[in-house]
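Chain nomenclature is as follows: A, B, C, D, E and F, assigned in order of appearance, with residue numbering initiated at 1 for each chain independently.
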Amino acid sequence: MESTEAIEGNQREGDILLVLRHAPHGSSWLREGLDIALVGAAFDRKVSLLFMGEGVLALLSGQTSGALGQKGTHPTLQMLEMYDVDALYAESAAMSRFAVAEADLLLTPERVGETAIADLLKHHDLVLTF
Amino acid sequence: MERDRWRGRETGGETIVILHVVNKAPDTGKTLEQVLTAMSGDDSLLLIEDGVLGSLPALADRCAGLPGRCYVLREDLESRGLLARQDERFAVVDIEGFVSLTEQADKTVSWY
Amino acid sequence: MRYAILLMGAPYSTQASHSALRFARAVVARGHRLECVFFYHDGVHNAARLAAPPQDEPHLVDGWIALHTEHGVSLQVCIAAALRRGLMDQREASRHGKAGYSVEAPFELVGLGQLVDLGLDCDRLVTFGP
Amino acid sequence: MERDRWRGRETGGETIVILHVVNKAPDTGKTLEQVLTAMSGDDSLLLIEDGVLGSLPALADRCAGLPGRCYVLREDLESRGLLARQDERFAVVDIEGFVSLTEQADKTVSWY
Amino acid sequence: MESTEAIEGNQREGDILLVLRHAPHGSSWLREGLDIALVGAAFDRKVSLLFMGEGVLALLSGQTSGALGQKGTHPTLQMLEMYDVDALYAESAAMSRFAVAEADLLLTPERVGETAIADLLKHHDLVLTF
Amino acid sequence: MRYAILLMGAPYSTQASHSALRFARAVVARGHRLECVFFYHDGVHNAARLAAPPQDEPHLVDGWIALHTEHGVSLQVCIAAALRRGLMDQREASRHGKAGYSVEAPFELVGLGQLVDLGLDCDRLVTFGP
């Protein structure tokens, strides 16, 4: 079910929205986006994350280090709560496309459709895509 | 009909405008699809770099729902030999026009 | 208005650096204050002091330096992204026990918190991705 | 029918086999389309890195015309939490299997 | 009209096929691919070029330098003949997709469809994609 | 068999370098001769001698050097692609009047002709793109 409740609560200034569109491991995009989330939160900014497209695969449980020991991003995702980054959204269409079910997830993002995504962009002061 | 879809997203009296900047060609990944998903009815779209390929008539229909709010960067059309080939629904702006669009919008979001 | 630019593309590999430099000059020409160009992801390669492009091509590193000299634009490079990619200044080099360095003033290595502040404090942040 | 299309490309007795390696997801640009355009009936396809997303059942149909000649790299499925989620039409190979495929093929062409 | 004549003539060893899939100016892919063509030809190797996807835009006449004076690839294309690189192919579907007509072209590649493209890959010893 | 690897992705930014290093080790482990790893396009950044990745991540530059030391694999870097990207050895640095250098042995700066020869003389060339 898609809802816009959480979004309407975000209409204050000082917010950062990170739009994460890349899958884990294949590139450093996801990691370098998440690093901004952690730093923003450490600087007392209210940070939201929107997982879009292949980015929703970051949310899958069961990820491991790479074959050479590359760390991956799942440990960082599990730290988000500790940093009070709890405004997590996932593109509904992408979840369906990759057949990612709620039971498969590390975290519990809110599923959002087009209108809610457009609203998220509106209601954050700074929107960065990764 | 396509217009109505955009209109439906406008938020009351509020005019929070975003300039979306795209530098990838329509064939390069989901970039353009993602922008169109994330755009509101009062946002604008500017194509730069390889993104200007999206203004070619054969490819421009994807942006057809955005009348009057589609821009394409002149210098990137020009260097590619594409100036005057762009679809008429796109307005051509130069680099000063790009800056001017960022002045007018409340914020700029880049998609790559 | 107060502007900042976020550049995430490497010079020569993609057009991002050329676009960002053109945009930076136009921002200044229109009478705005350009506070900073922040280099992140592969954009950090713009700070490589040993870059030697062919003579018939624009020298991007010199272009950034001119922007700093003539208009006081600060050139901030994300330190974590830089170190991973072989870019360090003299201070970091001695800290890592390396002889030599690949970044020098006016480029400064800074933390990612600077980007968050820029993004929220300036009137406009414009990103150039690869 | 899709099979016939591939079969039609076989060249007489000649067995010149190419291993095509793809490291991009199906949604990332035209990479997969371009490989399928360029493949012959006796070629093989190996998905690595983000390319392994192409082996997910929801996306695997594009490779359905290549029975028995589709491979996906185990370690890249594994690190992404996707091992056992791949479509049954893909054979899982490890890094030694990757080398072995390059031995068997006359040449390897990478698409990215 | 698609033909395979030229292709059948290429069945000897020592050949390099460069598959050029990127448009000019946006990245260095096209240029760095063409550099291999020139070097290969200078080393007396028989080099063929296949323009695929957005790569067909490299063939358009009327290209210029970039706004900062970036060279572009059209001068290199015009040198190909001097280097005896005359086996030029362009993906027919891409030419149609971008509405590129013969009259718009710098050079006169042979238009090729799927079967001819697959044959080109078979009949070159070394195939590199750019 | 005699193998060569062409690597065109930068370390950390994409997985290409990790894949290439894994593949290189497996080639050697299966008893083949790996003649050379050739670094082109953004792959030249693998030769950055000042790279300082976090300690919990694989050190790719050291990985390449080990491959050279233990198995005699030559590490060839395209000189033109390197110079544009801020990578030069001591000889090039003095030729360009620069103090310091960013590439050192066992990495060698070579012309693109080497890649053409490798591609045609080795039994197999396998490319890792970004």
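Simple rule for what comes next: a contact is a pair of C-beta atoms (placed from the backbone, for glycine too) under 8 Å apart; a residue touches a chain by one contact, two chains touch by 3 or more.
For reference, the UniProt names are C, F = Sulfurtransferase TusD.
Computed from a prediction, not measured in an experiment: that's the story for all the values here.
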Under the touch criterion given at the top, what is the topological distance in steps from chain B to chain C? 1
So which chains count as neighbours of both chain E and chain F? C, D
Chain F against chain C, contact positions shared by both copies (same if over half, else different): same
Remotest chain, chain A as reference, centres from CA atoms: E
Highest contact count belongs to the pair C-F
How many angstrom lie between the centres of chain C and chain D, each centre taken as the mean Cα position? 40
Can you work out the whole-Å distance between the CA centroids of chain A and chain D? 30
Chain A to chain F: how many Å between their CA centres? 35
Between chain E and chain D, distance of the C-alpha-averaged centres to the nearest whole Å: 25
Listing for chain E: what residues touch at least two other chains? 25-28, 53, 66-67, 70, 125-126, 129
Would you give the residues of chain F that are in contact with at least 2 other chains, written as numbers and ranges? 12-13, 15, 22, 41, 125, 127, 129
What positions in chain B touch 2 or more of the other chains? 23, 27-28, 30, 49-50, 75, 95, 107, 109-112
Would you please name all pairs of chains that touch? A-B, A-C, A-D, A-F, B-C, B-D, B-E, C-E, C-F, D-E, D-F, E-F
Applying the document's contact rule, which stretches of chain C touch chain E when the two form their complex? 12-15, 18, 21-22, 56-58, 63
Okay, in this complex, where on chain E does chain C touch? 25-28, 66-71
Residues of chain D defined as touching chain A within the complex: 23, 25, 27-28, 49-50, 53, 56-59, 75-76, 78-82, 95
In the complex with chain D, residue positions of chain A that touch it: 23-27, 53-54, 57, 60-67, 70, 72, 97-99
So in the complex, which bits of chain C are touching chain A? 6, 40-41, 80-81, 111-113, 115-117, 119-120, 125, 127, 129
